[in-house]
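Structure provided below as structure tokens; questions to follow.
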Amino acid sequence: MSDTHQHSIRFVRESMLPEQEPPATERGVIKWMRENMFSNIPNGILTLIALYAVYAILSGLLPWLLNGIWDAPSIRACREILDGQTGGCFAVLTERWNQLLFGFKYPNHLYWRPTVAFVLLFVAIAPVLFYNTFPRQMLIFTALYPFVAYWLIWGGSILVPIFALVGFGVGYIVYSKYVAQSFAMGFFGGIAGALVTWWLTGMIPVEGVLAMEAVPSRDMGGFMLNLILGTVCVSLSIPFGIALALGRQSDMPFIKWICVVFIEFIRGVPLITLLFVASVVLAYFLPPGTNFDLILRVIIMITMFASAYIAEVIRGGLAALPKGQYEAADSLGLDYAQSMRLIILPQALKISIPGIVNVAVGLFKDTTLVSVISMFDLVGMIRGPILASTEWNGVYWELLGFASFLFFITCYGISQYSQWLERQLNTDHR
Amino acid sequence: ATLDDVKARGKLNCGVTTGLVGFAAPDANGEWDGFDVGVCRAVAAAVLGDPAAVEFVPTTGKTRFTALASGEIDMLARNTTWTFSRDTDLKFDFVGVNYYDGQGFMVPKALGVSSAKELDGATVCIQTGTTTELNLADFFRSNNMEYTPVPIETNAEAQQQYLAGACDVYTTDASGLAATRAAFEAPGDHVVLPEIVSKEPLGPLVRHGDNDWGDIVRWTLNALIAAEELGVTSANIEELSAGTDNPEINRLLGTEGNLGEMIGLDAGWGKAAIAAGGNYGELFEKNIGENTPIALSRGLNAQWTDGGLLYAPPFR
Amino acid sequence: MTTLSDPPRESFRLSMLLNDTRYRSYTFQFIALLCVIALFSFLGYNLVKNLQAAGLNISYKFLGETSNYDINQTLIDYSSQSTHWRAAVVGVLNTLLVAFLACVTATIIGVVAGVLRLSKNWLISKLMAVYVEAFRNVPVLIWIIIIFTVMTAVLPQPRDFRGENATASMWFDAVAFTNRGVYIPKPVLESGGMAVVIVFLLSIVGVFAYRRYATKLLYATGKMLPTGWPTLAILFVPALLTYFVLGKPISLEMPVLAGFNFKGGINILGSLIALWFALAIYTGAFIAENVRAGIQAVSRGQTEAAASLGLRPGRIMNLVILPQALRVIIPPLISNYLNITKNSSLAIAVGYMDITGTLGGITLNQTGRAIEAILLLMAFYLAISLAISFIMNIYNSKMKLKER
Amino acid sequence: MTEAAQTQMTVSDEVAISIEKMNKWYGTFHVLRDIDLTVYRGERIVIAGPSGSGKSTLIRCINALEEHQRGRITVDGTVLSSDLKNIDKIRSEVGMCFQHFNLFPHLTILENCTLAPIWVRKTPKKEAEETAMHFLEKVKIPDQANKYPGQLSGGQQQRVAIARSLCMRPRIMLFDEPTSALDPEMIKEVLDTMVELAEEGMTMLCVTHEMGFARQVANRVIFMDQGQIVEQNEPEEFFNNPQNERTKLFLSQILGH
Amino acid sequence: MTEAAQTQMTVSDEVAISIEKMNKWYGTFHVLRDIDLTVYRGERIVIAGPSGSGKSTLIRCINALEEHQRGRITVDGTVLSSDLKNIDKIRSEVGMCFQHFNLFPHLTILENCTLAPIWVRKTPKKEAEETAMHFLEKVKIPDQANKYPGQLSGGQQQRVAIARSLCMRPRIMLFDEPTSALDPEMIKEVLDTMVELAEEGMTMLCVTHEMGFARQVANRVIFMDQGQIVEQNEPEEFFNNPQNERTKLFLSQILGH
């Protein structure tokens, strides 16, 4: 700068310099390419390799996808149409669409029922997932949803879910009546109330009253089975997870010990062995003559499995709460149940939601393991009836690709949601 | 008791294979059909009067026994071999034999193998949890040959692996081989080797301990066999049930005596069982007989009167 | 103000069981104890009842009986005349083998993918993101099946290698990819072969010794020895020398097509490969995320501070970034290893004979000892996972950063 | 506040809290030793003492947030025992205000204030809200009623915490360093609120080092050290003429600061 | 420090850093515009300016932590180019001290200080440790040598950071707001250390808003705005008699505060 004197170091700028365009190397595609892809030689080589990999994948995949046959009765017909060209036999998807989604035993004319239940699932789950956006009243529907969905999917008399609901209602009424005196009294009273109601209503013959055609559990299959197992087990495991987490935090050594043993045991064994237990040995532990169907046993096992994992997530949430919250609640005179329900859990659960969602994604993926104990979920359908059938013996890629695609869509969607939620929670007002 | 459970439920839970054409397989509509299925339907007809009142539970070689033991199914009709240990140690009751079989080997013709003794070093597909798995080990050991087992859960998987060439040989009951081969695109490219390396008497079984129920299943099976011997077919059964001069037929069809009462069923149980899918011979012909793609000949499974082993005890 | 008394000793009333903090927790624990006892006696009673009805009992005698079945991959001597117990041990070893292989591979894949995902190269980092998301969000069972399908349905059969117009051929006459697995040459030690192996093992020790010496020298005198080529030299030169001096005592047994299959060499079963790679690639995606998070957890300031001290990028990585990132990476890494071990039980989907395949599969079915077999199976996995989490706790407490 | 104001505050002869030979251990560590203290209704007591001397522990024992092992605490005629009924009774008589406010972040200010009345006192919601608004007005933040704690400044939060305690209409208030987590400007707001409370005759025990506050409001200052009450006196006397060596040392530090 | 002390610090005619028409862009954003600056050996320069004016960027360019796109930077006679050799040379001449200290948390204080001398300067470990202890004594924390950074207070950490740089025996020190992450008491410790350095004649460029420090130590204050040097002068003149409007505004804010 000419006017910077070396001896008198004073310098004052009279007019500000304008902003200038950056040099060409700092601009546009060239800069971007240079910086992001060819910044040095190894990087350039990597880029070329990556480009080749992309090319190789796409050149294999695209013709196969674009040239696919969507309409053919069997793999042979499909290959004839293709006549030696690359292309996928996606006809298997159209042909067996319903089987892939609903399994091969769910009555065809009833497909609308699970479909409706599936659509309603979103209505029910929306107020939970986007608790800021949707009105609280929608939670009422969420609470009713399990009963509606049960009735839609399994059919039978509407009285069954209604009685179940009534049982919960009675349980809740008893609970809220006695909880004021003591939590334990309310809790066990509630359970007793519900059980008594169920026992009483169980004696009322409901056969055929306002009934839809009943579908037995063993007829569930396909992706529907994965969804049922996923949603049912995750939602059931949340209350159990909460109970286990609270138990593990408890200062009563025996209760704590039970919870620790349970959680560590479940987390220490693979889900498959638990499924074996469900399919092979659980029956030995039930009263002679009780005849749970397999799906129910599997639900019990997966729920136990998921609760252990969710308990650990929630324990993290509980630990993240400052001790002052517990003390403030105590000093206001709230009892244990009240302070848990009103103060601690709402906060702890909110912190835990992303973790719970992650567990849910993992669990949903793990529902495919039921195919190992020969249940016909999506993977089971593909590996069993469809690939074994004379018409479609050998269409691996289309089917496995489709299954991957379905799972990817769902799981990726959920995990994106959980990331969004984490960001949301980070910027939450506090 | 199982009988009461079944009646209360209005449905018979019958364990079958996950899919073996000719023995038990669902068609595109999910309707089960086959030789073993026929036995299930006959029992359902005898007990409930309705051959359609069956819930078929597909089981693998591995899951079948637990399913039966845990009460998930009332009976198992799944080409299961009657063996000493299954009968005594696993505590099941085999009620009879509906197919006298033996273990065979299937290889692609292209391999040029003509005897099982030439299989040294082969890779063998084998269903786990079966007798054939154990026989296989014995056979190769006693012939001083080596092999690599490829353990597999279901026949369908075995078929895929075998066709993909993941194993050179597929071994199971000869009937199963024939049925599997029949489902191939080109059955002619595969041969079943002449050796039969074991006895595999296949029959329905029930849980040990409920003898009344066992009797029902046993005598339903016997009724099917006896019907063939006595010439009772689904075509003439209506006519014969009006009364014949053969007292055994009359007792079988319930027009004479009180056999039904003795096993706690109504008098027409035998008629219903036979009418469900025809007598033993009809079931055989329809599902696995020579005119089906599976093309099994009666062989050992002919009536004793024809030099076979089928011999129903007297209905008296 | 001077009157003294302890809180009045009230006489015990029944209501104190519920209302008095001193007794209340005992009450609850007692109730819980009763519930647990009730539950277990209920289950136990049913079990006894059911077993009685079925005429069964609980007994581990079956473990001593001959198994009568064969296993396609055995790391120890085993035949159909061995006991079920030995079959279970074979299964355990197979589990550990596939878990070990998958852990190593997953770590390599995960570290590479995690580091590349942070690369400034847009294309590479996006590709890695696709890899991570694609594999994390699809069930591992599907990946196992897909890879197994590639193994069985896409690769050529051994007989395709045969004859005039073979449709497949071996790589360098040494490696064959077939749908039954991969055949690779097997080193055969002749007399003196052991010496070469020992020399090689010693060289490995030597490399560590050299590196330690180099650091020591640096600390003592400031002289820095090169590490790159000396490492290679120490590693290979002595072994090669002994190899040639002793007259090539190690030869390779090449797989050759004989009879139905390739004979000789080492056969890596298709089911092992499927399980191994599926677990590795699937878990690798999770590890990649851990690695990324670990590296990102080391703030940019650390790099800058190190750079402004004049450290070169390679050294910054070794001396500053990695030691810090590893603390973040290793705990989740270990639990990923645990997951691999547990997920290896999916072997059953492809017929790999791990512990679930032998003890929990064939043994269970042939003997009908479901309860016993499954209890043993669970005990095995439980033992592994407890052992691993024990190690992890030690590591965590050792590596915790010192803070105020 | 003037001398006149101070004399307005009446101290009755009725005992609000009496503590007799109370001892407490944490494990083997003897935190409180033979504490004897009688608080009369309407008294305003300031507790001072060096860090770790057991001030918080003393306060928390009165509220049964901590258990004491020996001696007897009587609050409003109820003997504090391990009987839950008694504990509940005492807690609803005694309001407590923490250093870190401990508001419930997931509830609005109003909900924070109505929670305990509704669930513990079984007050109808409407009534509870009216009471809450009344006390929020008293601490001069009625307009914040529908905000969340996170949206308030520290001083406002502490005032909400006071209002929340008051909504239970306690007869005794305990304060544990209510201003020490606050910025200087906010301290004043909170102290003002406390002075007002004092003027209304609320029985107050307050752990604080705000000596100005002590002079202005307290009718007794208690000095604790090593788990014991070392000196107690009227504020003027206490500050001007401390007797115990430790008290002198402490005061010299705190006032010189 | 007295006037006498200040005059002790000598400024030679030797150029330590010279920056000529340096320009830098972040993407299309023009952060540094036509920067011209010559620093003589022994000079102590304070750089001030509003947030976002490019102070940090300027400092970081000198150390090659950021690339500049146009113009020339010469440090100690070495022209800064993308040649790695030059960059290494310059970095070992120039010490840098960050706002957030950036100590290596997995190494003890002593290891932090010896790492670079050992690996970059190839100093034997023993010697490096002696040097390190020397500088740790200088910043008055020799007794912390075997602790980990996490166990020290912020002020101590910053002093370690300075010692760490000094261990490389740089001829120039760059400071980027070294005190702005510290509590008031700790600021003093760190500033004292820096003053001492200055007294020893170290060439220093320091981004700071501690105007007291600037007055006491600097022989030139540079004011930057919008990526440009807007004004520079001797401290007394700069504070008492700013010329540029922006400088005036800035000073009025900063001194009024």
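Letters are used for the chains, namely A, B, C, D and E, taken in the order the chains are written, and counting of residues starts over at 1 for each.
Just so it is clear, a residue touches a chain if its C-beta (ideal position, glycine included) is under 8 Å from a C-beta of that chain, and two chains touch if they have at least 3 such contacts.
Treat the numbers as computed from the prediction; the structure is a model and nothing was measured.
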{"item": "Busiest interface, counted in C-beta pairs", "value": "A-C"}
{"item": "Chain closest to the middle, measuring from C-alpha centroids that were averaged per chain", "value": "A"}
{"item": "For chain D placed onto chain E, the superposition rotation in degrees, Cα atoms, nearest 5", "value": "165"}
{"item": "Centroid spacing, where centroids are CA-atom means, of chain D and chain E in whole angstrom", "value": "50"}
{"item": "Length of the line joining the C-alpha centres of chain C and chain E, rounded to whole Å", "value": "50"}
{"item": "Centroid spacing, where centroids are CA-atom means, of chain A and chain C in whole angstrom", "value": "27"}
{"item": "Distance from chain D to chain B - Cα centre to Cα centre, in angstrom", "value": "85"}
{"item": "Chain D residues counted as touching two or more neighbouring chains", "value": "84"}
{"item": "Sites on chain A at which at least two other chains make contact", "value": "280-281, 283-284, 383, 394"}
{"item": "Residues of chain C engaged with two or more neighbouring chains", "value": "18, 53, 153, 364, 370"}
{"item": "Chain pairs that touch, as defined at the top of this document", "value": "A-B, A-C, A-D, A-E, B-C, C-D, C-E"}
{"item": "Complex contacts: residues of chain A adjacent to chain E", "value": "1, 4, 6, 9-13, 16-17, 19-23, 25-27"}
{"item": "Contacting residues of chain D [partner chain C, same complex]", "value": "18, 20-21, 36-38, 67, 70-72, 79-85, 87"}
{"item": "Chain A residues touching chain C - in the complex, by the definition given at the top", "value": "32, 35-37, 39, 43, 46-47, 50-51, 53-54, 182, 184-185, 251-255, 258, 264-265, 267-273, 276-277, 280-281, 283-288, 361, 365-366, 368-369, 371-372, 379, 383, 394, 396, 400, 403-404, 407-408, 411-412, 415"}
{"item": "Chain A contact footprint on chain B (complex, rising order)", "value": "5, 18-19, 26, 30, 55, 57-60, 63, 66, 69-72, 153-157, 159-160, 163, 183, 185"}
{"item": "Residue ranges of chain A in contact with chain B within the complex", "value": "76, 104-105, 216, 218, 279-284, 289, 291, 293-294, 373-374, 383-385, 387-388, 390, 393-394"}
